[in-house]
């Protein structure tokens, strides 16, 4: 956390401030925090203080709390006498002085102490950059968790399969080779990115599309380009957006994703949910009024399946695969500020109703920007549901450092050939897309997991009574 | 292969240089017929007489100032302080005159002056016979400072010191004076500002100074038993300081420890650490660490004395701690 | 131009006729040059301190008349007169105080750090005392190398209460070094009276404690200084060891330009010493001895005035040193 957005002031210049009063709201990577005063005094927000909406670095001075009969001009004079360029203070408490002196309010990091930002040695950072290893989510082996050089090498050897030997013949179809030459696609790089796989025309075309950049405007087109520019809107690449970008890039760079898809007959599940709806309507207790969503139902049954298939409830840490004890299911939530993952903890020990109540609460808080960091991280498996947008199937991207993510498509009535191979029936069908990290688990166990999810979804009464 | 003690090596260097250059003379207390408290001039008085082996009154400021004037006018004095602690009476002459004459005269005057003395804690010498103080001199523009750790280095650097037109502090640690080592019979001179990699390794760089070199080598040997590979660098001169060799090693190992008997605050280790961070920040895989003698006057009683100097065990521990960073 | 040395042409105790005029000329050069420096100081062109030698010209002149460029002079913060008498030109001296690259120390020194080894001016110092030791050291070199030269230290009454005086005179004595120690006793160390600072009012008398000759002369009488210095330098060259010469004299301007000059001495005292001005006294003697001296004195006045005009012009037109050279020459192998 290096910067945050100053959202709004809760006190204004001239307001009396008491220790503990809420002063301002800052939005960080994933949460919105209200920052409280550490001192009594009178708030003074200088004219040149960053206005609400600004992105400010941690430690930037936002305002002063004047004490006693201090006036602002004197404070500024004494500060500039001490240091011509007033140093930014790292944390608000550092600015608090015991005697009668104004304390500076500085933008503080809302990341709680229990989740410290990763520290890394300068050398490890350099090596990570040289090797293209993302270190943000590594756990360091140095003192107090500092990431050191050896951690980067370990992460690389875990993340990157051996590149093909230089000079070794590449496994490429003749058509793919010809098209690669036409499109200028580096087959070596492609082979490194998709180890153990024969490169096809499709791969090459995909790579070519991915590496295509918008053509730079030449001189003749500069005016049009400028006109186009003026019609574009610009959005600061920071906060939640940057975090998402970093994490997605990390996922794409470090995981070996494979997506399995299967169709599930959820007719019984739909019935079940209709009954739950009806019962909720009749319920008088607030808890009973909660109707589990389809996502909630899959949260619960994925937890059941994960208990049977702990290999999917795992993460890769350096060269060790860590299987998590708790099953914490993340739910991808679309919010005004971007994608967030709301976490329902210890699903294995919770009833469906409890899961539904928890998920509703955490999702609401995430949407309102009020979730705590703890509610937005620490999941061991994630579910993403695009069904409401009439998406049938897709390839979800793994939420690092997790092993797998389940994508839910829409539930739609379809003609289905039944098991007797004679009957054609109209059934409620749902496509599940499971992306797993092939570094951690192989295809067959992942398929077995998905198969169990399918079975549980198709026979909901079985697991409801268990 | 010929072996000499450290003292015999510098004595041979002095004798060779005095035979070569008649402008060299030595001043000090007891360096005439007595041959020096540390036998630095044994046999030379008989050969060269009192003008060139000049016993002095106990007038440190006086004879340093005198040698400053002599060096400005064409002689090449060697001041033998016996214990370096005695130099402190002459610091005004050294800092204000000796170190500045070349600069103030815009290079038209030279200052070929060697200031030698025994440094270091040991033998219950107590606090007025055990100071080292070399970082103070390295702090001042105009001085060269040599702290050799072997007889070979001592001879080669002593000859370079005498031939230098700059004032040189040539400091000999008490624990090294009787140590023996290879010294070739043929003549050689060692340049200032060239560190020696005295043990090569890949996990950790240790810069050790003067008597700490031997102790560090012992500690490195202990760690080698555990599969830890330590590179040990002896800067040999701390002004000029060969940072390039240190940084090269740091580039390889990513970890740097400086072991020095003198005080840590504002010391040579602080300087090396600062330069490492300034010039090789991205090579650092851990904080630069220092292991120094305690920041205290030197006590007399043996257990107290031992407690204020790094030893092979504390050095080994400092290495392990740094590797755990 | 170089300042002629007159040793060969006259007796060591009594100058010949040409020697008389040379002494007069030298004192006048120092006086006029100092006056120019005061003006330049007041015009703001002297950047740092400026300690003038006005009133004490007879001492440097009487001593340096016996020295060649190979003899080594070491001096103090009040060293302009010694530098000029030893052969530093007014051009180089004024340029130095103006901070120019043509100054004798190339702009590195200013008033208190005048170096011109080419003429044996081995340095003035902002620290009181070291010159005594350095002059002894020069004497050591000359003795070691069998050379006939001497080392000469000029210092004030303030220096004789410093340890360097004690250690330097003692070592020079026990090793019979060819050195001459010239104390310019101008009665005040900055503003501390020597009568207060010393238990024994005589500097010369201290020589006995070190087993060397000590003489006390009227420092405003150039001939008295000349005679005492001639004897001392002769002894030194002959291998008979060092001499301490106390020259009683007075600076008629404040310790340093820009400083007040009241509270520690009276206007009456200053006027009394001005009445004993070494140059006025000596010109009166010249005229008394030689009725035709008028013309010679006028000729010298004109020559020295032209010399100063030229020197000031030269200094003002000289460039400042290149900032890129600010750290050159800390060590010998540095360009």
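Structure notes:
We call the chains A, B and C, going by the order they appear; numbering starts again at 1 in every chain.
Convention: a residue touches a chain if its C-beta (ideal position, glycine included) is under 8 Å from a C-beta of that chain, and two chains touch if they have at least 3 such contacts.
Since we're looking at a predicted model, the values are computed, not measured.
Taken as a graph of touching chains, this assembly is arranged as a line, each chain contacting the next along an open chain of partners. Chain pairs B-C and A-B differ in how many C-beta pairs are in contact, and the one with more is B-C.
With every chain reduced to the mean of its CA atoms, the largest distance from chain A is reached by C. Centre-to-centre, using mean CA coordinates, chain A is 83 Å away from chain C.
Remark: chain B and chain C have CA centroids separated by 41 Å (rounded to whole angstrom). Taking the mean of the C-alpha atoms as each chain's centre, chain A and chain B sit 58 Å apart.
Residues of chain B in contact with two or more other chains: none. Partner chain B is touched in their complex by these residues of chain C: 72, 74, 105-106, 108-109, 113, 115, 117-118, 122-123, 125-127, 129-130, 132-145, 151, 163-164, 166-168, 170-171, 174-175, 327-334.
Across the complex, chain B is touched by residues 121-126, 142-143, 146, 148-149 of chain A.
The touching residues of chain B, when paired with chain C in their complex, are 22-23, 25, 51-52, 54, 56-57, 59, 61-75, 77, 92-93, 96-97, 101-111, 141-142, 144, 164-166.
Against chain A, in their complex, chain B makes its touches with residues 254, 281-286, 324-325.
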